[in-house]
Every structure is written in structure tokens, then in C-alpha cells.
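Chain nomenclature is as follows: A, B and C, assigned in order of appearance, with residue numbering initiated at 1 for each chain independently.
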Amino acid sequence: MASQDITPVGKDSAKVSLLNDPKFRGYIFQAVAVLVIAGLVYWMVNNTIANLQRANLASGFGFLDGRSGFDISSSPYLAYSSDSTYLQALWVGILNTLTVAFAGIITATIIGFIIGIGRLSHNWLIRKICTVYVEVFRNIPPLLVIFFWYSGVLSVLPQARQSISLPFNTFLNNRGFFFPAPVFGEGAWLAGVGLLVGIAGTFFVRRWAYKRQMATGQQFPVGWTSLGLIVGLPVLALAIKGFPLSFDYPVLGAFNLKGGSQVGPEFMSLFLALSFYTAAFIAEIVRAGIRGVGKGQSEAAHALGLRAGPTTRLVVVPQAMRIIIPPLTSQYLNLTKNSSLAVAIGYPDLVAVGGTILNQTNRSIEVVTIWLVVYLSISVLTSLFMNWFNAKMALVER
Amino acid sequence: MAFDSCVNGRHIGPFFRGAWGAIRQYDFSSVGTMGINLKGQIVMKNLVLKGALAASALVLLANAASAATLDDVKKKGFLQCGVNTGLPGFASPNDKGEWSGFDVDYCRAVAAAVFGDPTKVKYTPLSAKDRLPALQSGEIDVLIRNTTWTLSRDEQGFDFTGVNYYDGQGFMINSKKLSGINSALQLSGASVCVQAGTTTELNLADYFKANKMEYNPVVFEKVEEVNAAYDSGRCDAYTTDQSGLYAYRLALTAPDDHIVLPEIISKEPLGPVVRQGDQQWADIIRWTHYALLTAEELGITKANVEELAKGDSPEVKRVLGQEAGTKLGTDLGLTNDWVVNIVKAVGNYGEIFDKNLGSGSPLKIARGINAQWSKGGLQYAMPIR
Amino acid sequence: MVDSNLSFVRTEMLQGQTPPLAERGVVKWVRTNLFATPIDSVLTIFALLIIAWFLPPVIRWAFIEASWVGPDRSVCATVAQGGIQPEGWSGACWAYVNANFNQFMYGRYPIEEHWRVNLVGIMFVLLLVPLLIPKVPYKALNAITFFFIFPIVAFFLLVGGWLGLSYVETPLWGGLLVTLVISFVGICVSLPLGIILALGRRSKLPVIKMLCVIFIETIRGVPLITVLFMASYMLPLFLPPGVTFDKLLRALIGVALFASAYMAEVVRGGLQAIPKGQYEGADSLGLGYWQKTRLIILPQALKLVIPSIVNTFIGLFKDTSLVSVISMFDLLGIVKQHFSDANWASPQTPISGLVFAGFVFWIFCFGMSRYSLFMENRLDTGHKR
């Protein structure tokens, strides 16, 4: 049809019906879509108002300032009690979510890289073990993995009175992992300053070493220097002040170990489950990434005289990372979202705390909204960061 | 499948955060606006909203007046009863999926009152979190799921129609592991297992605070999870309503090792709940309860109800609807022999109690304050006349 | 002149010698695959140690010590716990899985109606197998039957209420039945919806594009559990007062919407991989948008992403286990519910039930992933660049 309409040059010579004009049809189509969606939303809003009125329910976010009345088992960062507000309870939940997600991401990455490299190993046994690991964990629901860890952790670990003693005054029992809590005395701030100076120093040393290598080809032991700066300076600072640092050691109380710091079994099992589950996916990504780097690259590196270590570190990994990072971001986000399964084993994350509040106050719309907003923000921030990282790693073309 | 949600996500993030700020500022009288923000669509003008609110309020009034649960139930042909997901003695399904228990018998009693047939009832197992929303949305007709009568629940659009079981929150511990402990006041420093989002959780916090004790709450969504955690030794103590403690004890690995501590730290009047605004339906549930109590008081049992209906005690005849020209049942929207139907189906209050919770059950809970008022208890039926 | 008998060149080939012992057979395999370098040797020994430490206890627990049949928990508990097993016994309690097997498969679906579920299952397999084998003809007919006719037939068979079949309401459904129903419906809905969303996202119409982007990115940015909570708590609020929604249907809507957002991204990947020339070619033939999409673009794009689609299905199948959190009794939900069954409470019950559920999930997911791999190899023909 369209090919037959060979029209002479001219503005209004085309006598196409308005209905057949793609532009016009586009407008109509969009207008209809907007109307339908707006109508649907209007209808739902109306229904919601009617339902809430019928149920005589209040609404709005003012309730967040009310006293929560319930306790939360794990609030490592904020002082929280049953006198705190709902808003504070939610903050505790958000921080707990972030903690378990952050810890999980680190371990999942480590395990995932080990397993992924293991799947490419020349060693048959290692390869098979890694394959079995990946195939088992990839094909089981994460919720089930969490339950496995939870019942496993609880059934293997002993009662509080038969705690397993580990080095450095740490203890393990079915109430969690107990370790000494540092108590900073007068003048401990200097250690913090030392740490900051150490980190800043490392940064400058690295830049200087890089420049020097570019200019002269001489290498400088950056790794050892950095370690010395980051660990040594705070220790030195403490030594100057006469070690104003003591530890609060856990001791056995009537029911449980008292004092010190503790990590509950809920956190441990959620953290382990998320790490192991996500690691299986990361392993596959890593494997695909490394295999995606052409063999010629490492052969060329060998030809240049680089040994196996530097070849991997300087040639293969940087190129593999370009393939790995985008799907890795998805996995990090998945892990963060899967941390919401904490609700099933009672770890007070955002969803669990929100669920309790939903129950106590009956504010389902508000609570669900908060969930969505928080998770969306986390997703957006994580992908912004990873995109920045990806851009940094991307091929710099001339 | 490159990941690029952030590019598009950037549109969403600030929008939501902005909306969040706005919402925090303005305590909406209606949640409706939230629906809009949530969908991420156009935010309507406030005016439109208020108009909509007023209009829907009008529609609503008419709606509420005509919302007769009894008619709905009769039209459906069965009663949809919300019960516990599995609390032995109150409501639990057996291997074949048949429900039994104290609360279940109440559901059957209501079905018997409405239909004359106790089997015309369907059960919706509900967790603590789901129960009130389920009633609110009309998914169930009545909620008989050991729900505590509180002011805030009453004013949130629900009506409690009576107290079928006076309960109180208690503690259970493993007496074998914690042999020295015989009072809840010795529990300072303990880990306590509790179900999330219940009044139990709030009472627990209040009790330990009031007695200046410390504790570590171990909170789960579902009863099964709390049970499993307590049984595995995750917690030192388990707290919930005392009746529940007795029931859950049965499902522990070694029930005899566990004892229920004597302290009762709260009042937990449990009763059936209906939606507010349907007086007739609330009355039916309320008077079903009183009928069960009255039957016990008058010695009417499952076995002798038919015989007594033919007897000549005026009080019994009045209750059983055998008086000439009586309108007690029909005024309630039922038949006049409704009490006969109820008692024939499930027995009287005492029989239900004994069969499910008392001496005739594995729980062996004493009647205690749930005895008739004439026997020193709190159960007091309003006269049926 | 020349003695022809004298020959310095062999006329026949010499038989090849067998390689030295270290370079052939098992020994060579072991040398190259297990002990190639010192580090390899260390790793191998380390791995062997791990296996030796890990495998025997697992086999002993799962097979040798396990109790396979029994009437109640006594076969799974030690004497001290009130059972018959010796002190220190630790084995899987398959007897518990055995006794509740029907429940795990069908939930509380009435036993006399199980044949209906079985029939649906047989139909499912009979339609699915030929669809999966590439050589079997009549793919289009098969697909239409499987995706359009079969769901309708299955719906009427499972729900009943016609042709003399008794009505079985969805709260009675459970176990693997619910898991499979949710995932099948999720798959059937999410694929077309995902295609539409993906097309919308690549549309040139800004409003359509924006709506699709908002939907996809919002859903993908939040956990499934919040979507399920939304579906189960907020959906009833969005509907006119009095209109209620089946709980299973609510979960279905949540899962299907969630899966379709992910499916949309997979399909979009396929659409982006189609070279621009294909679009231009279709345009030059004078095809309209829908003709172009249906005849040229989608067939190629979908073929490209079949492995990813199957992977999304695997994810969807695993995600169905989350409905147990909103108190639905899918396979995982019902296994967990039976932990508190007083008949079977023993220390070994939970882990045995979880292992069983994990095994069932694993079989399905592993099967799907193998199929995805098979298709990937099969389709790996023309388009790989």
C-alpha cells in the first residue's frame, strides 16, 4: 500500500486519511492508554477510600510517630526499645536489611569467584565438586536454603551452657556467635585519626608509585606499604595514648552469655544462606566472564614474558570484569531483595518489622508503600554505583 | 541482558522520595492518594479527591445499610469461618482435612443456627497477620480464631460479640534444662519466643519493662515457626495465651519436660469478631454464644435436647423456642428452633469445652475462670427471653 | 645388478608400541586430571578429604539410619524422646514424608476427588512431552492446546461444580498441586504479558514507553514478597466494597505480574539483538507495525531468547515457594505446616521434610535447566555472532 503512494513533491498533496496517519494514530493510542490507566487508578482510589471508610480505618503516615510497644531482637546500630517510635523501628529494619545484604554480597562474591574459577580448573575433582555445588544451589528455592541453614545451625550448635569456645574469647552456641566488644577509653579517637590518615596515605602512595612506574619502570611494593599504613598508624596512635582500649568479654549468665557483642543465629543462617545461594549464580557469571576472554589474550601475555599470576591479574581479569559486572549487579540486587525472606526465620529486617507494624496498626497501604520506596531506592542506588564502576572498567577507546 | 534499570530507575527514585516527603508532611485523611503515588501515576488534585471522598461516602452509607451478612451467607449456602491455621484444641485439621476444636465448634454452632445444619461451614485458616484484613475484605463472614478483644481493634471497624474463652498470657519453659526456675520473674536475660504482630508481643515487652528485666525477643510470623524454634532450644521460654501453651506443648518432642509457669501477665478475652455495621449478624453470633451458655446452665445437652424440647419446664421450652407464638428466633433472622439446632449439633458450652480443651481432650485444661458464673467463673449468659 | 632382496626401507608399517604405563589408561587420566601439578595434588587431596568428611554421614543419615515406614513419631525419636530408636540415633524420618505424602502432593483436596488432579497431571504430561521434543510435528496445534485449551479444561476439572463433579474450593488445594498451578499460570500469563511490555518499552510512543518502563522497573526493583503482600492485603482494598477475591487468585496475580516484568526484560534482550536490517526490510515490504512484529521480529527474537525464557521459568518456579509466607499451603508451606503435627513432632522431622521439599523442587528445576541447555545447543546455529 504505502509503496504505491508515490506522491509528487508537495506539502499537502498526500491525501492520506487521518486514521491512517501513523503520527495521529500514535496520539490517539496514547491518549486512550492514559485515559484507561487514569480511569483505572481513579476507580481503585475510589474503592480504596470507600473500603477504608467502611472499615473505619484511619490513614496517613502520622502513626509513625507513635510508640511501637514491641522489642526487636537485633539492633546493632540504634538504641531501640519498646518506647521508641514506629519510625525508629523501621530504621532498625532498614539497617538490618542493609547489614545482611552488604555482608552477604561480600561473601557471595568471594565464594562465587572461588567456585567459578574452580569450575574452569584442570583438576577433574575440583571441577566436579564445583559443578555439583552450582547445580544444587541454583535449583533450590532460596527460601528453602534459608530454612536448611536455620534448622541446620540450630540443630548442630549446642545449648548456651555447653558453648563451643573459640580463640580470642569468642563463643558459639545456638543463641549465636559471641565475641568481645571493644570499649574505647579516653583518647581512643587518635586511632580513628590514624586510620583515616593511613587510608589517605595509601591513596597517595598508590598514585605516586603508579606515576613512578610509568616514568621509570621501577615497581614499588604498594600492597605492603598500604597494609603498614592502614594497620600500623592506628596501632601507633593507640600506643602513644597508652592503649586506652579494653574489651567487654562475654561471660555465662543464668540463661545465656552476657556482655560482649553477639550475632544471632537468624542473622547467621540468613547471611550464610544468601551467600551460598547467590554464590552459585555468581560462579556461573564468573565462569562465563573468564571464558569470554579470548585465549589469544593470555597467550600474548605469556609471549610478552608475563608469568601466570600477572597474566591473570593484569590481562585476563580486567577484561573478564567487563563481561562480569553487569550481570553481577543483577545478582547483588537479587541478594538484597532475597534478604526480605528474613521474615520467614524471624530476623528483624525491613519486611519483618514492617509486617509487625502492619499487624499492630492495620496500616497496610502505608507499610507496603514504605517497603516499595525503600527497596526501589536501594535498587536505584546500587545500580547507580555499579554503573559508575562499570563505566570506570569499560574499554577506553581512542 | 545488560542491566540498565538504573537509567530508568532514575526516574522512579526521586519521584518516590519526593512523594514520600509530601506524604510525611500531610497526614491524609484518606489513604486513597497513596494508591496513586504507589502506581507512580498522576497525582490528582486534592479537590478532586475530596469530592470523590464525599461522593463515595454517600454511596457507602447506602451500601453499609444493605450489607446484610446473613442474607449473603444464606444465599451462598454456607458460612465462611476464619479459624487458626493449627492450634490443637481450638482449630486444627486432621489428616483428612477435617477441622475440629473449640473455635471450630463455634463455627459449626453458627452454621447450625443459620441453616440447621452444622456441616454448612467452610474454614479459612488464617495467620495472626491475615485474620483482620480477611474479615475486613469480606473474605470470611466471621472470625473465630482466639482473637483478643481490645479497644483499638474494636474501633478499627470490628465488633466483638462476646468472650467465649477467658485467657491470659503465660510462659512455658523446659523444666529439665532450667530446673531452678518456677516463676516468670526469674526469666531476666532469657530469650523468649513469641509470634509477631500479636498483643502477646506487646504484653511481653510491657511485662519485662515493668519488672525491670531484660530479655531477647525471638519473633516469628507463624505459630509453626515459633513452635519449631522453641522445640529446637532457640529460646528459653515460650509465651502466648496459656491455653495455647498447653496446646503447643502436645506437639513438642518431649511434652513432659515442659511446664507452664504460674504467672498470667495479661487479660486475653478471646471471642468471635464480625465486621462493624451489621447489627443483625453480630446479634446472631452473640446469641449463639449465649445459647450455648444457657444450655449448659439449664442442663440441656446434645443427648437430651430433643427430649427436653418436648418436656414441660417453661424456661427450657422458652429457650428452645417451643413456646406457642414465640418470635425470639424469627426476630433474630433465624428459625425458632435455633437453639435446638445448635445444641443438637455441637452440645452445650460445657460439652464443647470438655471435648476440645478440658478433661475429654489431651490438653486437660481446667475450667477455671471459664466456669459458669454460678460456679465461680466468668461465663454469664444474658437471658434468652 | 641390485639385489632386490636387500631392502633398507620397511615396506609394512611397524605396529605402534603401547605407551608407557604412566601415559595410558587410568593412570594417565589420574595424572592429568588429578595430579598434574603439585598444587593440583594438594587440591585433590583436600577435595578428597572434604568428600570423605561430608559424604559418609550424609549417606548414613539419608539411607542407612533412616526410618522409612512407621505409624507415628516413635520411629523417628530416640528412647529418651519417647521413641524406639537407640540413644544417639540420627537418621532421616522418611516415615513422616511417607505418611503425609498425599497431603504434600494434593493438600487437603478431598481424597475421593484425587483422580481429577491425577487426570489433569496426565493431560499435562501428555501435552507437554511432544511440545518439548523438537521432532514431533503439529507444534502449533500442540501449543494452542497446551496453552489455551488445557488450562480451561484443567480449571473446570479441578474446581468442579459442573457435570456432577463436586465443587472443591481453592483453600483445600495444597502441596505440589498449588506449586504447579501457580507456576503454570504464571508462565502462561507472564509470557504474553512480558512480550507486550517489552514491545511497549521499545515503542516510539513516549507515553506507552514510560508506562511500561515504570511498571517493569518498579516490579523488578522490589522483592516478590512485598508484591505478594501487596496482592494479598491491598488488592481487596482496590476492589469495590464487598467484592472479594480468592486467595489463590491473589497470589496468582502477584506472581504473574512479577514474572511478566522479568519476562519483559528477557524478551527485550531478544528484540535488541535483531539487526536493524530486519526492521528496515520489513518496512520496505510495506508491512505494518503489527505485521512486522508478528511475522518478522518476534519469531526471531523469541527463538534467540528461549534459553533465557526457560531460566525465567525456573526462577518463577522457585519463587512460588514464597507464597508459603502469605499462608498459602504450597509444597513448602504444607511441609512446614506439618512440622507442628503432634503425631510427627521429632527432632528429625523438620530437616527430613525440608530435604524432601528441596528434592522435589530440585528435580523440576534441574530438569528445566537441562532442557534449556539442550535448546541452547540446538538453536546455536545461525545467529551467533
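Quick note on the criterion: contacts are C-beta pairs under 8 Å (C-beta built on N, C-alpha and C of every residue); 3 or more make two chains touch, one makes a residue touch a chain.
Quantities reported herein were computed from a predicted structural model and do not represent experimental measurements.
Student: Please indicate which chain is farthest from subunit C, where distance is taken between mean Cα coordinates of the chains.
Tutor: Of all the other chains, the one whose centre lies farthest from subunit C is B.
Student: Tally the contacting C-beta pairs at the A-C interface and at the B-C interface, and name the larger one.
Tutor: More C-beta contacts join the chains of A-C.
Student: Round to the nearest whole Å and give the separation of the Cα centres of subunit B and subunit C.
Tutor: Comparing mean C-alpha positions, subunit C is 38 Å from subunit B.
Student: If you average the CA atoms of subunit A and of subunit C, how far apart do the two points sit, in angstrom?
Tutor: Measuring from centre to centre gives 25 Å for this pair.
Student: Where in subunit A do residues touch two or more of the other chains?
Tutor: Answer for subunit A, listing residues that touch two or more other chains: 37, 44, 48, 50-52, 54, 151, 155, 343-344, 355, 358, 364-365, 368, 372, 376, 379-380.
Student: Would you mind listing the residues of subunit B that make contact with two or more other chains?
Tutor: 1-2, 5, 9, 12, 31, 35, 60, 63, 133, 136-137, 221, 225, 228, 232
Student: If I count partner chains per residue in subunit C, which residues reach a count of at least 2?
Tutor: Counting only residues that touch two or more other chains, subunit C contributes 218, 220-221, 233, 236-238, 241, 325, 336, 347, 350.
Student: Contact residues on subunit A for subunit B in the complex?
Tutor: On the subunit A side, the touching residues are 37-38, 41-42, 44-46, 48-57, 59-62, 64, 69-73, 81-82, 151, 154-155, 159, 174-175, 253-256, 258, 265-266, 326-327, 329-330, 343-346, 348, 352, 355-356, 358-360, 362, 364-366, 368-369, 372-373, 376-377, 379-381, 383-384, 386-387.
Student: In the complex of these two chains, what residues of subunit C are touching subunit A?
Tutor: On the subunit C side, the touching residues are 32-34, 36, 40, 43-44, 47-48, 50-51, 204-208, 211, 218, 220-226, 229-230, 233-234, 236-241, 284, 286, 314, 318-322, 324-325, 332, 336, 347, 350-351, 354, 357-358, 361-362, 365-366, 369.
Student: Would you tell me which residues of subunit C are touching subunit B in their complex?
Tutor: Residues of subunit C touching subunit B: 77, 80-82, 100, 103, 107-108, 110-111, 169, 171-172, 210, 213-214, 216-218, 220-221, 232-233, 236-238, 241-245, 247, 265-266, 269, 308, 325-327, 336-337, 339-342, 345-347, 350.
Student: Help me check something: in the complex, which residues belonging to subunit B touch subunit C?
Tutor: Touching subunit C: residues 1-2, 5, 8-9, 11-12, 31, 35, 40, 60, 63, 67, 85-86, 88, 93, 95-97, 122-127, 130, 133, 136-139, 221-225, 227-228, 231-232, 248, 250-254 of subunit B.
Student: For a test of understanding, state which residues of subunit B touch subunit A in their complex under the given definition.
Tutor: For subunit B paired with subunit A, touching residues are 1-7, 9-10, 12-13, 16-17, 19-20, 23-24, 26-39, 41-42, 44, 49, 52-53, 56-57, 59-60, 63-64, 128-129, 132-133, 136-137, 155-157, 177-178, 186-191, 196-198, 201-202, 204-206, 209, 215-221, 225, 228-229, 232-234, 236, 275-277.
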